[in-house]
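Should a chain be cited, it is by its letter among A, B, C, D and E, assigned in written order, with residues numbered from 1 in that chain.
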Amino acid sequence: MELAFYLSSLVAVLATVGVITGTNPVHAIVYLIVSLIAVALVFFALGAPFAGALEIIVYAGAIMVLFVFVVMMLNLHPDAEREQTWTHPRYWLGPSVLALVLLAALVALLGQGGVGETIDGELLTAKAVGMTLFGPWLMVVELSAILLLAALVTASHVGRRSNPLRNNENRGGTP
Amino acid sequence: MMAMAVILSFLFPLVGTLILAFSAGRLGPRASATVGVGSVGLAALATLWAVLTHTGGSQGVTLWNWISVGDFQPTIGLAVDGLTLVMMSVITGVGFLIHLFAAWYMTGEAGITRFYAWMNLFVFSMLLLVLGDNLLLLFLGWEGVGLCSYGLIGYYYQNSANGQAAFKAFVVTRIGDVFLALGLFLIFMELGTLDIATILARAPELWEPGSTTANLAALLVLGGALGKSAQVPLHTWLPDAMAGPTPVSALIHAATMVTAGVYLIARLNGLFLLAPDVMLLVGVIGAASLLLAAFAALAQTDIKRVLAYSTMSQIGYMFLALGVGAFDAAIFHLVTHAFFKALLFLSAGAVIISCHHEQDMGKLGGLWRKLPVAYGGFIVGGAALVALPLVTAGFFSKDEILWQAMAADQTGLLIVGLLGAVLTGLYTVRLILGTFHGEPGSDHARHPEPGTNVFTHHLPLVVLAVLSTFIGAWIYPGLGELFPQAPGETTDSGHTLLQVLAMGAAIAGLALAGWLFLMRRQWLDDIARKGAGARLWTLWHHAWGFDALFDRVLVRPWQWSVRMLRFDFINMIMNLPAVVARVFNAGLVRAQNGRTRSYALVMVFGATLILVALALAPGGGA
Amino acid sequence: MNGIPMEHGLILASILFSLGLAGLMLRRSMLFVLMSLEVMLNSAALAFVVGATAWNQPDGQAMFLLVITLAAAEASVGLALMIQLYQRFRSLDLDVASRMRG
Amino acid sequence: MLTLESLIAILPLIIVATTAVVVMLGIAWQRHHAVTALVTAGGLVLALLSVPVASGALSSPPLMTMDGLAIMGSVLVLLCALVTVALSHHYLTGYIGPREEFYLLLLCAVTGALGLVASDHLATLFISLELLSMPLYGMLAYSFRAERSLEAGIKYLVLSAAATAFLLFGMALIYARTGRMDLAGLAAGLAATPDPWTLAGAVLMVVGLGFKLSIVPFHLWTPDVYQGGPAPATIFLATVSKLAVFLVLLRLIMVAPIFDSEWLRSLFTMLALITMLGGNLLALFQPNLKRLLGYSSIAHFGYLLVAIVVGGQLAVETTGVYLITYLVTTLAAFGVVTMVSSPFGGEDAAGLHHYRGLFWRRPWLAAVMTVSFLSLAGIPLTAGFIGKFYVIALGVSDARWWLVGSIVAGSAIGLFYYLRVMVTLYMPEPGMRRRDAVHDWGSRVGGLTLMVVAVLILVIGVYPGPVIDWVVGLSGVS
Amino acid sequence: MILVWLILIPFLGGLLSWQAERWSEHAPRWIALGTMLFVLVISIFLWLTGDFSLPVDGNSQWLLEWRAPWIPRFGIEIHLALDGLSLILVALTGFLGTLAVLCSWREIVQRVGFFHLNLLFILGGVVGVFLALDLFLFFLFWEMMLVPMYFLIALWGHSGSPGQTRIRAATRFFIYTQASGLLMLVAILALVFVHFSNTGELSFSYDALRGTDVPEPLAFWLMLGFFVAFAVKLPVVPFHGWLPDAHAQAPTAGSVDLAGILLKTAAYGIIRFALPLFPEQSEAFAPVAMTLGLVGIIYGAVLACGQQDIKRLIAYTSISHMGFVLIALYSGSELAIQGAIILMVAHAFSSAGLFILSGQLYERIHSRDMRVMGGLWSRIPVLPGFTLCFVAASLGMPITANFVGEFMILFGTFPGAPVVVVIASVGLVLAAIYSLLLMQRVHYGPEYRTGPLKGPDAREYGMMLTLLALTIAVGLYPQPLLDTTAAVSAPIAELFTGGADLAARAGEVN
């Protein structure tokens, strides 16, 4: 179990590095999918198979497909991305160091405290999660339903391609 | 009865001022002159009435309570005694003659109304000064005199030099006034009153003679007197004050203003007697002014400036007298000086107007035939100034002063006085010779237009000329009983010797002058033109360089600081927060560069900072 | 070996979180930015699952579910906006959309 | 347990959510702007009326609470939403394109806000916050054809999502440490001294919430989003969103002991200081009114952070009163912008030059603007002064001199730009092209609402008694 | 209730004149004039009927009092009260308000209604300051009058260099006073909370807070909070930066109000609040305050000499004069405090006169720059004479009220602080310099341009004459004023010596 955890952790980290450093959108998406699957494996290793399954189905499956779809739709090419300059240290050094410092601070804090709990990989079934969700958390589920509705409406409104009035475009954005 | 007369005497000039001021140019020159001269004339009559009805001693009348807070109870109240009446007579009498002469002098000038309004106010202020029964009211008149001198010296306001002179006169005398004010504060604090009679009564009870407080109080009052009476070192305004019309100079020098200091010290005699050191200082300052001014008068070319320095010199005599405790002698000289100095100034005015405003001795000369009245005035006045023995008023008063100095064993002062008498002869002769004899220096002097008006031109000159002779000395009543005993009253030994000495000095002066200016003219001019002589001449011409000294020590640093501070550096410092805010604003706005990435960067930076701080905090912040 | 220390799970989440942040700060393309955001949300979700398994509770996993819901919603709206961005500027470069500043 | 009775406690939320569904169905059936607005407003009014009923409920559903703070929050959220609806109606009348979705999104967001103020559990907190934010992306980018609106939407989405990630990570850390997510549980679990995990979690949560409140240094999005979004969306963002988030932050402070640690207090003090000063300094020379109001709102939340630092009974009262004054003021200020911007479909008329000489064209509108800016500046006889008075009183009562000092300094700096705006309204009109409110703005619903709000500013400023009493009555709980 | 009306009348009048612009251009002027005259008449009526003797034990020190609850949560009341000092200042407000309306008659031609709205709101606020006794209410009025003043300067100010400077001046004025006002609010609140922790009662009432026992270091800071607020408005030197700009840019009416009454609110505040609330701290602070006063006297005078703008010159002289007032207030001498009150009134007259005169000059030659003046004496009838009179008043010439004020201050302060008086006396010389400099540059010297200018009309003449008559009347017979305020000044003066007396008495007992 432990081995699986650390191994898939390593994969997840490496794949994520690939995501943020990639230049080809499609490659990056594939890296991200790998990363997500690795995290799903971590979930399995931790004893949360339900979460792992959802990770693969919803995240890697649904959301990432959406990304791929959009990338295909926009017909993006690696060269379409204008990030010529970003290889220069001046551009990546600062943010990277910042992220590292943040990480270091977090790790230091994690090392300072804690309750000494360990994860022994005991399984937690989907039923338990379901009982919680549709028991006391029912209101939360309802709220997330409205959240999805809102996202749907937003996406459908913003995603409109056609302009009702073509000349409208000239009106907006005048300085 | 007398109260009524006294009130009327100062009310007339006030009413005159008000009428003139609010006529707003609706009165013609004649009407203005009539009002202006008439009001002072009426005041003189009222004064005469007061003198006649005066029954001796000190009489007071309180008009109303001015301020009343706790102990601070100054009133608007008048006190009349012999000294007051003498002063009033001089002010209104001589003042009236000067006003009358001014009616001739000012003919055709613009702003006659303004002139007379100021003149009347001048007389009013001076009357208030001598009438006030408390020091605050006296101070009111004191300041009023200063303001009027400002208005009159700057009468020809379109020439900025005149404005400067007026300005200087006011500010320099104001410096003296501040000392007087401080003296008032001290006296009030120590004695709890400002009433003059009470002060004189209480001071000896509360103050030890020669104590610090008494010395300080006397010193401060003296400071005020120095400013008004143009004594060293606050004398520099006086020669410049000649910028005003000549009647104004006459009024300032003879009847009002400069005599105020003498009056003040005489009035507060009790105070000064408690401070012998300061008394001595008064005498020394008087002697110094006397000599200094006499030398300066020797080197002047402007006739009015000669007269101005002579005034300063004569006031020096008065201070000398005050310094040796001869208050009566000082007032006596004040009176006679008022007569002959008014005469001299008015005569000078007659010359100046006749010669189309020419007052440089170098450009005058040879006028004695063409301007007989003025010449006569100069001769009589000059004689009085020189103290020509027996026939002139000046002789009697000056002799009295010198005698008192001698009686007080102040040999130094006596010698200075005698030396001054010699010098007086010198510069007087030089003045008369330069103006009336010799060759005319300019066309103006060749074709003068003599004054012909009997009433406004001849009458004042003649009356003053008469008063400048022994008659003037005659009518002085003598105020000995008002003042503490003068040193000369206890003894009479050596008086004759002194009189001889004084006569000798006056005559010696005249003789020396005659010899120098008539026989050795060329030799004198040569000396004055080169080497040490020239330097001395320049030094005397600029009255020992006091102006330059003050310019360097006071005026320039002042102007420099005004220039430096003009931009309000404290305010600039207070504006620093605004500058800081601006800098911060610029910095913060730079961060708003519109890029989502850098927004995220800043946000993460903030979060990181907090987390690092937490991680570094002892015990993780717990 | 008796189980994985909770710290390790959380450190993994932290690493992923930091990587997501780095991506967010580094990348100009909105696509990559959105992906970085997914990584960050995912790392938070991981942390919840770690907590849930450590305490052996269902709550954390329920929370995980909510996070996924949010991620999906976020992605859909984000992608819709991205399409608009592309239509307007013919580019996914976020720096182009920086007309408001100051 | 979720019983029917406990549902009564969240009746307003249910009514609003139902209205959202009704509006959605309405859109699907037949689009009609006025009717949609009316239905929305009706739903909000109904919800408002149900608040007293809800407050009488004996129990509340799990993960939620309906205490005084929540009731206060609900009422304020609903009122602000109502005003926003009225102004939106005015604004959208001039909008070309589908208008009805805006109301739908707004209702969803209101649901989120109502949930947020009533949340008693990290899950509710989180999901409500997202429910509040998600529609806002849409609202901000609503007129996405205008570049700036789109830009605003994207910026807010990206940064807000990042902030959410921070918030979630923080929650996860706290959860990992305590194993509890309900606030009562947290309180119980952390009764002992706080430890680094929970503090780190709390800090990360503060980052997430601080972003929404635009606390310096998490504030940079504010001006851009304020400027780019359509005026009603900005209004909603500036009022409802901030109000709800602040209340939930306050609740965390009040309930959970980790947020009460000395270290966090000093952190909040620092944040308050730099937020007050930073917000005001940023606004100094800003020529764009909407950006300026953005900066000003940063500063105002800096002042309000004093309540977080001090805590306690008076802090809750202060928060209530200050929020009320801030809300009426902000509504009025943005309301004027809405009025002037409405007739045009393009970018909002926010440049200061648009307002030059407004007084001589639209005196009453300019008067409303003046009153609101006076109130922002905290000048007596306006509501803003009462708010500022409370905050200073709070700071003084706890002897927090640094905070008090920087409130004074901040106010002084703030005056500079508030006055700049105010005097512009009265300057002579320039000859240049200008934009203007429609002639009969005052007789329209939006205009009337605006007038009422402006009058409210003055009424609260002159006679704040009732408002204070109301807040005092509600702040006794929790 | 009459007190409420005193405050309300200007406000109502202001609203009325704003709306009256619809009827005619002159309607707002007449309404404003009537309003201010009404206030003046009421206050004079109160003066004539009032009894201003020292209160006998148990009697209220107030002539009139009115209170109503306002914000019970904090124990805030609407508490108005009137005593001799307030009455004189209210009457002064009414009088100068009338003048302000009159002197704008010709000067303001644009947006007349709104102008008078602002003007009357300022005056209403000022009256409120003079009457309010509840500290919250006092602060409220204190801040409230700033807004209309701001508009007055910013909108009707002289457009010197293009547009911006007057707004800057107005903004600076506002920020200075508001920021310092907030410090005062902090001090008030701290005082209230200390009182609360002492007694358990929240109250902003003057009477309740007076005896509050504040722990030592805090008390000093609180006193400083009050002092700074008043020091800014007085103004005391480091805080004077707003004044010259505000004066120079303000319309005549604004300058008149500013110099005539707004500055006096500060002195009033010190007398009414700063000293009685913190007597011991104030006494300890007195040397510093006096030093600041001295710095103000000298610094203001020196700067006045360096100005080119006639209104800036007058503004700096105000700083100098207010230095005297500050010295007096902290002298602990009844005579000096009475003198300060007289000087306040006198300065109101003389500076108002000078400002109105410079306004009239501006109407004629369209400049305030003294470099383009000179020789005006021959070009304008009458006005130069009035200028000389007010200049004389400004330099403290006897006969004028300024002399009485300044000398009472110096007489009163001398026993306690002779060194201060000596240095302050230098200010008398400097006063002469700057005052005559004004005269010199404007009216004397060669004519800068030729051609006669219009003399004053009846309105201008009347204003000048009234001011001059009042200046001289107070200068010659200030007793009615002194009697009215005696009951106020005496207790204030006792505050300082009170501690010493008690200590001395305690010594005797032991």
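Some points to look at:
Please note the rule applied: contacts are C-beta pairs under 8 Å (C-beta built on N, C-alpha and C of every residue); 3 or more make two chains touch, one makes a residue touch a chain.
Which protein is which chain? UniProt says A = NADH-quinone oxidoreductase subunit J; B = NADH-quinone oxidoreductase subunit L; C = NADH-quinone oxidoreductase subunit K; D = NADH-quinone oxidoreductase subunit N; E = NADH-quinone oxidoreductase subunit M.
All figures in this text were calculated on a predicted structure; none of them were measured in a lab.
Any chain bridging subunit B and subunit D, meaning touching each of them, is among A, C, E; the list is complete.
The set of chains in contact with subunit A as well as subunit D comprises B, C. Chain-level centrality, scored on Cα centres against the all-protein Cα centre, points to E. Most remote chain with respect to subunit B, judged by CA-atom centres, is A.
The chain pair A-C and the chain pair A-B differ in C-beta contact count, and the higher one is A-C. Separation between the centroids of subunit C and subunit E, computed from CA atoms only, is 64 Å. The mean-CA centres of subunit C and subunit D are about 26 angstrom from one another, to the nearest whole unit.
Centre to centre, using the average C-alpha position, subunit B and subunit C are separated by 94 Å.
With centres taken as mean Cα positions, subunit E sits 43 Å from subunit D. Not a single residue in subunit E touches at least two other chains.
Looking at subunit B, one finds that residues 589, 592, 594, 596, 600-601, 604-605, 607, 611, 614-615, 620 touch two or more other chains. Looking at subunit A, one finds that residues 95, 98-99, 102, 106, 109-110, 112-115, 137, 140, 144, 147, 150-151, 154, 158 touch two or more other chains.
Shown are all chain pairs that touch, namely A-B, A-C, A-D, B-C, B-D, B-E, C-D, D-E.
For subunit B in complex with subunit D, the residues that touch the partner chain are 581-582, 584-585, 588-589, 591-592, 594, 596, 598-600, 602-603, 605-607, 610-611, 613-615, 617, 619-622. By the touch criterion given at the top, residues 589, 592-597, 600-601, 604 of subunit B touch subunit C in their complex.
Looking at the complex, you find that subunit B touches subunit E at residues 21, 24-25, 64-70, 72, 76, 110, 136, 139-141, 143-144, 147, 150-151, 154, 157-160, 163-164, 166-167, 170-171, 174-175, 177-178, 181-182, 184-186, 188-189, 561-563, 565-566, 568, 570-571, 573-575.
Interface of subunit C with subunit B (complex): residues 21, 24-28, 33, 94-95, 97-102. Within the complex formed with subunit D, the subunit A residues making contact are 106, 109-110, 112-115, 136-140, 142-144, 146-147, 149-151, 153-154, 157-158, 163-165, 168-169, 171-174.
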